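Paired with subunit B in one complex and with subunit C in the other, subunit A is shared by the two complexes that follow.
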Partner chain A sequence: MSPELEKCSRSLLVCEKSNFTKEKSRYDIHVSKHYFNYKVSIVIPECASLPASIAGVINSFNSYYRVRDLPIYKLLEEEFLEKVVKKGQFYALSYNTRIDEDNTIAFLPSGQLILSVDKDTYEQLGLEGKPSQYKHRKVLRYVVTIDLTDKLMSPGAKRYQRLITSLKEWVPIKCDLMISSKMTAEEDGGVLQNLLSQYSFEEHRPTLHTHTLKEMPCPSLHSTDRHGDEKSCDPHHFLEWLGAVSMDISSDNEASSFLSTYVCPDPQSLMSHGLLCTVTGFLIPEDIYSLLLELRRYFDEPKFTSWLSMTVHGFVDSPVSWGTTEHGFLKSGENFYNFVCFRNQDYWLHMATGSHDGCPP
Partner chain B sequence: MVCKMAMFMDLNVNFTKDKKTLQNIIETAAHLGYSTVAINYTLESQQKKPEIPKPTSISDLFTKLPVVQGRSRPIRVLSRLTVVATDPSHFRPNAEYKAFDLVAVFPKTEKLFHAACMTFEVDIICVTVTEKQPFHFKRAPVNGAIDRGVFFEIVYTPAIRDSTMRRYTIGNSLGLMETCKGKGVILSSGAEKPLELRGPYDIANLGLVFGLSEGDAKAAVSTNCRSVVLNGETRTTAFGIIRTMKKPPPAPTASEEDKSEERENSAAKRAKMEH
Partner chain C sequence: MEEPAAFERLVYKNASNFHYMKICLVLENGSRNIEAAQFKQLIVSGLRQLYGEVGAAFPFDLLKFDPGTLTGILRVYNSGLVKLWSALTLIGSYQNELCAVRVTQVSPFLLALSGNSRELELDQASPTGEKLLLT
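Coming up: the complex of A and B.
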């Protein structure tokens, strides 16, 4: 077989083992820097139904808006910029755009605007940007990063005017956007609602699905594994098993079935029932952090299981993965992280990305 | 301006007189995520009097073009002429060729292949997939074609239909890749039925079997196709900068019409001479 066929697309997995109570652990930074998340799935072994406290946290997640055909320069007008974007906690991502085919727009909570545009658009926009890191033979994608909190971008300045002119007259970029803002209407003076009401928009709540897993093997994990101790299964097999569980793929590996040869990794134990809970929507890091805190409190009372897992998936078409690290799509655009929380507040953190991605932090 | 960037394209959908089949193929292509398809009219030059087919107008096929899946833009349908040539006299670019957005040639002999790579005004050169390549690919003509911006096309539906053809397709394409090193290749379907189409990411994976690298295989369905379409457009312009269009006759007086056409033709001539 030719050597090229044996190679798979490159993917990266970074694993970290630490404790939530340790001062040096940076789990909160990892959560807060992964800005655009579309799905959180929680797996709790030996749990029959979703605990009320966790359901309560999920119900208090922020709503998000989907606006159609919003011209981007409207989000950069002086009033909106000062009252909403620059205050932080404003997230926006273009919807129904593919990162490897179309122009993609993202507003980061740090006050930055990311425009991932193709060559034709970049040449017409006339803004300064960098060629994408994931080019093949020719550069066909450029990333324009604009720091809106910079003094040089304050309204009235030359660079600000140029930005507005580019997006208003030269290349009027309009797209469907998903917008989430932690600020309430009183705090921002109703500016966001005013803007949205000029266009067709819908308000959405994150959707919650729960599923009870019955009588299936599940890996036994021990938090005290040191490198090479091998009491638990290795991260790749564990994540594969988690993926099979959330996709409802059987991991029995029966001789009569040719559909799936996935197997629960050893060491394993049989669980009588388990909980799979999925939340989907435009989820912001602050909400995910509060969910993680609540999951840590799950072990405050004695429970049958010694571990539970939370996986957070990022949008495959987002221009950034963690922080401002560029994200691309070759054959797949996965960028997700997974927490395994233990009874003693130890945790394992796995962060994974696909081919066109920088290394997770 | 229609955005043509790096979107997936299938530049070889076989023309059939059956309107329903053609409509179904184009709808399937839009559903699979292709943003552009080209309907291919083949001209077999071995007939006594080869008639150059006229491209069907798109409005005949669809009153409203199907929207590409996941996007709000409708699919773009182009027209393409493929000249199957066994003799240099078979390929004669004339005004009728200009009616097509893309022109391709399918050379059957080594001499013709060399001529097609170095001199013919074409956008695409087809590579045999249904039988063993009768001649080897030499580096000089292949590199010459790549420098000129002409792309080599590998069609994948014969490989789907029959296992013997699959061997020929893989063998011939591996031979081409050895010479061209993965540059200047496009993959397209040659589909005659909607079921023969495959999604763009699947074809990018299939490109690995044909000897392309991951990045080259994805480019073969997206960015290289874009280059082919742009080349096709420049064929009707003067040096890719100036394009003339026939003005529709505005007024009844015959002398005015002649004058406006003359003005356009002389403007084009002047542009050619200046550059």
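Coming up: the complex of A and C.
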């Protein structure tokens, strides 16, 4: 059989182990740079119901808006740019666009506009961009990154006028956007609400689901484990187990079973019950960071478990994964990270990306 | 209180031994009662048809099967992914009824299959508050 048939595309998993209280640990930067988040899953062994403090943090997550057919140049008009986009708390991503097929738009909180467009749109736009890093033989996709905080892009400047003309007259790009802003109406002078009211939009709240896990095997994890130790299971098997829990996959099969031979990785213990909690929507890093801080406080009182886990899934069709690192979709567009928080404030951080992605930070 | 752990950072490239696939069986005449074992047998026979007894002699797991929606989650060794995927593509009939297998998602991480943002539906405004599914 040809060896070509046995090849697979590349995937990367970065595993970082440290302690939350260490000054040099960069967990907060990793969370804040992962801008577009679709789902957060929390698994807490030996926990029967969602603690009120964690539920409170989730209920205070930011609402987000879905705006229909919004012309992109409207978000670049002077007042909106100065009062909202440049303030560092504005997130927007085109809704229902596929990064491998369609034109995709994103506004980053750092004040950057990302346009990931096909070849024809790029040539018509006439803006300066780069070919996508993930191309086969021909270049079919281009990425235009515009720093709206740059002096050369200030309203009135030549390059700003050209950008507005491109998006207003040459290629009037309109799309459905998911928008989230941490600023209140008082802080931005009502500019966002004013813009939304000119178009069809809906406000959405993140959706919360909780599920109680019944008696099941659970991996044993020890924070002091280093690479090669056998006290804990390896990262891939642990992430596989988390996936099995999230999708209600049985993990007590016989080795001779016809259907599935999947078992919980060793070393393992029996969990009498556990909590699986998922929050879905257009979630911003600030909210996820607040949730992580609250999860760290879970161990302020004695608990039966020594660890809990939080997984954050990024949008598979986002043009960026962490920071401005280009993200693409080959067979899959996974870009997720997972925290395992221990009783003593140690943490393990697993960051995973697929083939059309740069290495996580 | 235990001592804080020392810093460690490792990068694994292609370290997952498996790929995971979320698939769906679509029948010409709508859904029907199919057991998990029958579904797996359909895939095994598809593999045998394309690659023969020896070529199809590699294991894969049907981790989960939903008989209501005819969706399943498969786990296969990396070396068997292309063969399994190609065999799924060419499955054309089940018990003399025309059918097709749709591959919804493929990933080297099972966890990634639980967070597919392409499933996000915002066409109706979501109710405020939470949905609690305690089972």
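Definition applied: the second predicted complex is superposed on the first by the 354 of 361 C-alpha atoms of A that agree within 3 Å, B and C clash if a C-alpha of one lies under 4 Å from a C-alpha of the other, contacts with A are read in each partner's own complex, and residues count from 1 in each chain.
Keep in mind that, in the parts below, a residue touches a chain if its C-beta (ideal position, glycine included) is under 8 Å from a C-beta of that chain, and two chains touch if they have at least 3 such contacts.
Since the structure is predicted, the reported quantities are computational estimates derived from the model, not experimental observations.
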If you tally the residues of subunit A touched by each partner, is the higher count for subunit B or for subunit C? C
Should A:294 be classified as contacting the first partner (subunit B), the second (subunit C), both, or neither? neither
Using the superposition on chain A described above, determine whether A:311 touches subunit B (first), subunit C (second), both, or neither. second
Go through the superposed model and pick first if A:140 touches only subunit B, second if only subunit C, both, or neither. first
Answer with first, second, both or neither: which of subunit B and subunit C does A:77 touch in the superposed model? neither
Of the two partner chains, subunit B (first) and subunit C (second), which one does A:120 touch, if any: first, second, both, or neither? first
When the two structures are overlaid on chain A, which partner does A:236 contact: first (subunit B), second (subunit C), both, or neither? second
A:14 contacts which: subunit B (first), subunit C (second), both, neither? second
Applying the document's definition of touch, where does A:252 land relative to subunit B and subunit C: first, second, both, or neither? neither
So, A:101: does it touch subunit B (first), subunit C (second), both, or neither? first
Going through subunit A, the residues touched by subunit B and also by subunit C turn out to be 5, 98, 331
Residue positions on subunit A within touch of subunit B in the complex are 2, 4-5, 9, 96, 98, 100-102, 118-121, 136-138, 140-141, 330-331, 355
Inside the complex, what are the residues of subunit B that reach subunit A? 1, 3-8, 35, 70-72, 183, 201, 204-205, 208-209, 211, 213-216, 218-219, 222-223
Residues on subunit A engaged by subunit C in the complex (per definition of touch): 1, 5-8, 10-19, 21-22, 24-25, 38-39, 41, 49, 55, 58-59, 66, 95, 98, 178, 202-205, 207-212, 223-224, 226-227, 235-236, 239-240, 242-244, 246-250, 258-262, 280-281, 311, 313-317, 331-332, 334, 336, 338, 343-346, 352, 354, 359
In the complex formed with subunit A, which residues of subunit C make contact? 1-20, 36-37, 40, 51, 55, 59, 61-65, 73, 75, 78-83, 105-118, 120, 122, 125-135
